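Should a chain be cited, it is by its letter among A, B, C, D, E and F, assigned in written order, with residues numbered from 1 in that chain.
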Amino acid sequence: MASYKYFNVTFPKEYVAHVETNRPDKLNSYFEPMWLELREVFDKLSESPDARAIVFSGAGDRAFCSGLDVKAAAEGAIIGPKDKSFDAARIATQIRRYVLGFQDCISSLERCEKPVIAAVHGIAYGLAIDLCTATDIRVCAKDTAFSAKEVDIGIAADIGTLNRLPKVVGNLGWVKEVALSARVFGAEEALRVGFVNAVYDTKEQTVTKAVELASLIATKSPVAVQGTKNILNFSRDHPVKDSLHYTAVWNSAALQTKDISAALLSGMEKRVPRFDKL
Amino acid sequence: MASYKYFNVTFPKEYVAHVETNRPDKLNSYFEPMWLELREVFDKLSESPDARAIVFSGAGDRAFCSGLDVKAAAEGAIIGPKDKSFDAARIATQIRRYVLGFQDCISSLERCEKPVIAAVHGIAYGLAIDLCTATDIRVCAKDTAFSAKEVDIGIAADIGTLNRLPKVVGNLGWVKEVALSARVFGAEEALRVGFVNAVYDTKEQTVTKAVELASLIATKSPVAVQGTKNILNFSRDHPVKDSLHYTAVWNSAALQTKDISAALLSGMEKRVPRFDKL
Amino acid sequence: MASYKYFNVTFPKEYVAHVETNRPDKLNSYFEPMWLELREVFDKLSESPDARAIVFSGAGDRAFCSGLDVKAAAEGAIIGPKDKSFDAARIATQIRRYVLGFQDCISSLERCEKPVIAAVHGIAYGLAIDLCTATDIRVCAKDTAFSAKEVDIGIAADIGTLNRLPKVVGNLGWVKEVALSARVFGAEEALRVGFVNAVYDTKEQTVTKAVELASLIATKSPVAVQGTKNILNFSRDHPVKDSLHYTAVWNSAALQTKDISAALLSGMEKRVPRFDKL
Amino acid sequence: MASYKYFNVTFPKEYVAHVETNRPDKLNSYFEPMWLELREVFDKLSESPDARAIVFSGAGDRAFCSGLDVKAAAEGAIIGPKDKSFDAARIATQIRRYVLGFQDCISSLERCEKPVIAAVHGIAYGLAIDLCTATDIRVCAKDTAFSAKEVDIGIAADIGTLNRLPKVVGNLGWVKEVALSARVFGAEEALRVGFVNAVYDTKEQTVTKAVELASLIATKSPVAVQGTKNILNFSRDHPVKDSLHYTAVWNSAALQTKDISAALLSGMEKRVPRFDKL
Amino acid sequence: MASYKYFNVTFPKEYVAHVETNRPDKLNSYFEPMWLELREVFDKLSESPDARAIVFSGAGDRAFCSGLDVKAAAEGAIIGPKDKSFDAARIATQIRRYVLGFQDCISSLERCEKPVIAAVHGIAYGLAIDLCTATDIRVCAKDTAFSAKEVDIGIAADIGTLNRLPKVVGNLGWVKEVALSARVFGAEEALRVGFVNAVYDTKEQTVTKAVELASLIATKSPVAVQGTKNILNFSRDHPVKDSLHYTAVWNSAALQTKDISAALLSGMEKRVPRFDKL
Amino acid sequence: MASYKYFNVTFPKEYVAHVETNRPDKLNSYFEPMWLELREVFDKLSESPDARAIVFSGAGDRAFCSGLDVKAAAEGAIIGPKDKSFDAARIATQIRRYVLGFQDCISSLERCEKPVIAAVHGIAYGLAIDLCTATDIRVCAKDTAFSAKEVDIGIAADIGTLNRLPKVVGNLGWVKEVALSARVFGAEEALRVGFVNAVYDTKEQTVTKAVELASLIATKSPVAVQGTKNILNFSRDHPVKDSLHYTAVWNSAALQTKDISAALLSGMEKRVPRFDKL
């Protein structure tokens, strides 16, 4: 794996990649070059045969991600000053392009063919929620402080939180409250509403457990695992009849895999199966 | 604000409107002129710069709303006698027009540009659930008795409950049970399944807390708050890709607000920002 | 009711049908003739005036259903050997036809006009989850062991689990974890995430309680009950505006039922109403 | 029928209404009070038992409608000056409300339950196209000059043309050319691409023929005619499977009409059937 | 191929099936056992390796199909007498089931995996249009008289015409006119609006030409042909982005066919390729 | 503008770009590096303020584009040999990635913010149709020979033709015939069915006229033109209600442009307006 400027990418277990945002001195806040590189990382892992499951966390003790780097952002298109010689329609075009580009970077976690598990700790504000909702599974340390912070800086969150969070947790009433009030919620509440799947005592334990879960998933047939992620995301966005039909078409190729007989055989022989690269 | 016949509309805090169904002697049951007036109230608040968040409750100690006024309804199109000279197709046209009109009135809470918080207590049967699901956030007193009562009078609920409740709580299994059995459920169950966001000891406390939450929301940028409500409702009904795109288009205008710099500045100066009317 | 080879169909209460998978010595695992017959059973009950609510369970002490009969399946299109003289595209056509046919059988529980309550106990693996998600309400015994087992045999579940489970429980994070890891989860967890509506001590109690709930529903107007199921399923798959409109069209005929006055009258007279067959 | 300020509403044949924009000295250009009144006219006709088909035309020799009254519009929200004390986000809110309100008025032609036939002549620019696409059938005089004029005043047409025209004519390539170039096209071209159903020599003949067609439709069962319009509009916006299902639900009431036996009987007896009001 | 009661099924060319409605003395009008058998015919051909393209026509000189057999229908659920002991809601349930079942039979032409070409002549009224719109390509003799006749018997067409015809011809204005007026239109008009692909002098020539076209299609790779039909039907009902994605998933299996190299090789060698059965 | 390897990009008129596929000796057939570069060209033009409308043509006398370079393709993922060590499921993953990537390149013409006009001549086979359907307007020389050639090489077209062509021409019957038969159709037929907007005598005239049309569009407000393209594409894929709503949101920013007053003023002064860059 190439090395990156803002991310540590390691392989703590066979077929398990660990992507760590590496800007701890700034609480892992993001500015544009970071989300561009993030997309590069996940687009590569998406097709890399060495990764079958991915853990995503933040470096340092204090924050998974504190959101946008406001200072940097204050010079960018979202909250920065607008070119006065442009009329509001032209500025709108610039903003739209910028937001669509930003969204595309964060969506790289969702479209990554391999499951992504967020291991969250400490501060997880604003963009952190957008990032988390684009992953597949979230676990966190009990010290985590979440907040969909955007309304507090005059913004309706536009990089994914408002679009994905309701479909992650299912409950729209809770989402509306936290999105409209920007109030901080902790690990226990996140667990209760189903925003995270598990809460652990420390950051270290959180990452360890996330790697374990990723490792478990990585032992399964990659054909089955990647199909499962793909079909679940498709199902989220389509009526049941449509997604049943899509599943049949998807599996018309996937069920021709040798992994099925390999899995059945190793099941009978009580050993861990080995699957070809994908 | 104009005064109304069936509703008390007050402003208990700056930018916070409180709409109270005012027919306590009939347990706040509704008949046609009431839902027509309800729409009038919310259509006006939707565009009123004086309201940035709205609390919706029922007058009196006993009921938030006991549903349709069956006696009045028995003379109307839904459960009233049908004109015998009409054939079933013609009666169907009359019913369809009537139901669509009724739905439009209740949907005024949903399409209201400002967040609406239901503060519920006592009896909340039938139409009460339709009303609650059209609001954004629900809180209730611990004495609240909820019931999607319609099947008990031979009706599949048609003013919103069956359409919105599954998307409010996320869980379809629970919705099916309460909708098919019409059984009463209490505040604790409502909290557990996420139908309400919080439970308080008394009606007074419930309304007070709802006003507090509304007041908190009303201190935020109205551009951000109204965008957040709008985008969340859009997202509920569209695939993620579609709603991300919509969000970018929406924010291409909204991010040109002066509220962002006002919010950032007051954040740095640790004071409450003031935002222009909207 | 005709008698069936793989299913016991009884009527434990008035208007309540009980369908029991009857292959306990094989842990109620399924092979093709079974799901074909299952469709036959439910298509018939769907239009039978004798059934207003249905309980679905598995015979024997050990399993609601242990999934596909792998031995039988090993000779069929899903995991069986492929015809070597065919190219991958032709095999894909065969698989697609087979999966679509299989899905159609399981979907007969969902399109059945009457509510279906799954009473689950013991082992509930793989296809058991597909079956459960196609019912309306699920209750289980505390000994139940659930697992979306498919990834463990190299398959992305394609008979309904990935399409319906997220819409049953609402929470996509939990669904992804159990679908990607294939880990077993018990009754308490199923209750907590809303996959089941209630947990009972024993299988017997579970079935008894399911029959009671079915019986309660069967006392209601069948026009209202069947409309409620139909509209809730429609609403799951459509935007709120669309489903409101559909509801108005549906009810333009349904509200012409005599059940409404029958229900109102018996309500006033404090007696159980009787409704005509449907 | 009440009398209106900007529209003549007459009944030239039994069950046929004729709505005429009546501002010929200004080439039937529209300003806000006109489209508000237009909605009032069509909302009333939609439910009036006296109208079973409607012709819509423009008074005077020169124009069906020359578009927005630019002078009036220059003072309104669309192209008028913006309040300088408002930021671009707040102005956007005002514009959005205004456009949505304007759209709702024009859409009254589409949601009118009775078929609407546009009889077009002379100048038909800008808003004229929006109006035409909201009707069901269009016929025109050979002197008609059509133009989707909006780009020539710096606007992407937002009252219906861009949304409905592609679905009216089917051909997106032609729509893009006329919408992007704003070039004028005549009656023959409109006929060739299917924008109009027929071309007649003069305005008088056009209106006469439109009334004849309306009259023919008005002799049919209003249950069948209104169902046909409703289902065709639904089908335009939904997949075939969905619209087939909707049609079955719609007709479950409509097929209970006495019009069917009336139509069959009069068919056998070779006389014109009479149908009850609707 | 089994022999059928109401249909002649022959194989005039290799891989070309010809299905002929065989009730010429009744102008090929349909009653229930016929559409049930029609489904049987097409469901079988859909999976038969002997058919790669299908021609559908009507026996006799006078009619492709004159619609419903009104005499038979007068005893059925659509236009027959209703059971007086049932209320309108219960009758609606019966009608809905009946219409859905009827639709499913006609839709067998659309879901048939092989392309279906309608060869039409003489009278083609009512149900004939429903049948035609469910095929893929239509050709007709110049004597053909088409009519969406349903409104003339008090019915909004509910077996496919209103749902598919607008998507077949693209032009909604023309569809509305012929559906609302029930007027007869001839072969030339059908050609002009694109309802038929070609017009021939006689019925014989029409069938011959249809068989030739079917035969041409039958010489192509069945993997490519069946994929093309499937994807085109999917595309009709979905946004472009969705259908592009679906196409990629579909072709992930289909492009593994040996037909591609067979086609390329025979192309180079200037001979007609032979493809394996499908 | 940077120079490209496979494309000539020139600016024949102010704000008009001309992109020419430049591989005339190979009949402008495409191989992978070409479509990757094509995306680069259009992604850049999409945001370039120097281009307001774009003409797309092919170099040389003989062909607009003869499709895939079969020789090159025979080594790629679509029709090339598959890695034998991979099972069919793994090969499917490789194909799916490849096709999705290929589609994304061709879709760059559609998502380009500026209108694209295809000027077609000579051979236009296979991929040529995919390219054409991704543009906004098509004109051609009378010598053009079109063919959706893919079925002739055993492939269901997967780069856009099957998804976009039905929505371009509106008529599904004609699309099915040409897609299933792969027959060549000429300029006159393309004009008649609306696949092209105009036919000219020679290639030179075709390009000249396309540049003129582009130039006309380039004189309009770029805010209006780009909004019109965007909204028309959105409308193609959404119900009318949805697209009306989207249009209002889009125009809430766009109507704040100074182009409106500039256009109105220059209209009154009978001169060509000048608009700021976008």
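What we mean here is this: a residue touches a chain if its C-beta (ideal position, glycine included) is under 8 Å from a C-beta of that chain, and two chains touch if they have at least 3 such contacts.
The chain list, named the UniProt way, goes like this: A, B, C, D, E, F = Delta(3,5)-Delta(2,4)-dienoyl-CoA isomerase, mitochondrial.
Keep in mind the model is a prediction, meaning the values are calculated, not measured.
Novice: Among A-B, A-F or A-E, where does the B-D interface recur, judging by over half of the contact pairs matching in residue number?
Specialist: A-F
Novice: I'd like the angle of the rotation relating chain A and chain F after CA superposition, in degrees, nearest 5.
Specialist: To map chain A onto chain F, rotate by about 180 degrees.
Novice: From the C-alpha centre of chain D to that of chain E, how far is it in Å?
Specialist: Averaging C-alpha atoms per chain gives centres 33 Å apart.
Novice: What's the distance between the Cα centroids of chain C and chain D, rounded to whole Å?
Specialist: 47
Novice: Check each residue of chain B and list the ones that touch at least two other chains.
Specialist: Those would be 88, 91-93, 167, 169-171, 223, 236, 241, 249-250, 252-257, 259.
Novice: Given which chains touch which, is the overall layout a line, a ring, a star, complete, or other?
Specialist: complete
Novice: Can you check the complex and tell me which residues of chain B touch chain C?
Specialist: 70, 74, 77-79, 82, 88, 91-93, 95-96, 99-100, 103, 107, 110, 150-158, 160, 162-164, 166-167, 169-177, 179-183, 193, 236-238
Novice: Could you please specify the touching residues of chain F with respect to chain A in the complex?
Specialist: My answer: residues 47, 85-90, 92-93, 97, 113, 223, 226, 253-259, 276, 278.
Novice: Along chain A, where are the residues that touch chain E in the complex?
Specialist: Interface residues on the chain A side: 246, 249-250, 252-253, 256.
Novice: Taking the complex as given, what residues does chain D use to touch chain A?
Specialist: So the residues of chain D touching chain A come out as 88, 91-92, 241.
Novice: So in the complex, the part of chain B that touches chain A is made up of which residues?
Specialist: It is residues 115, 136-138, 167-171, 194-197, 213, 216-217, 220-221, 223-225, 227-232, 235-236, 239-241, 243-245, 247-257, 259-264, 267, 275 of chain B that touch chain A.
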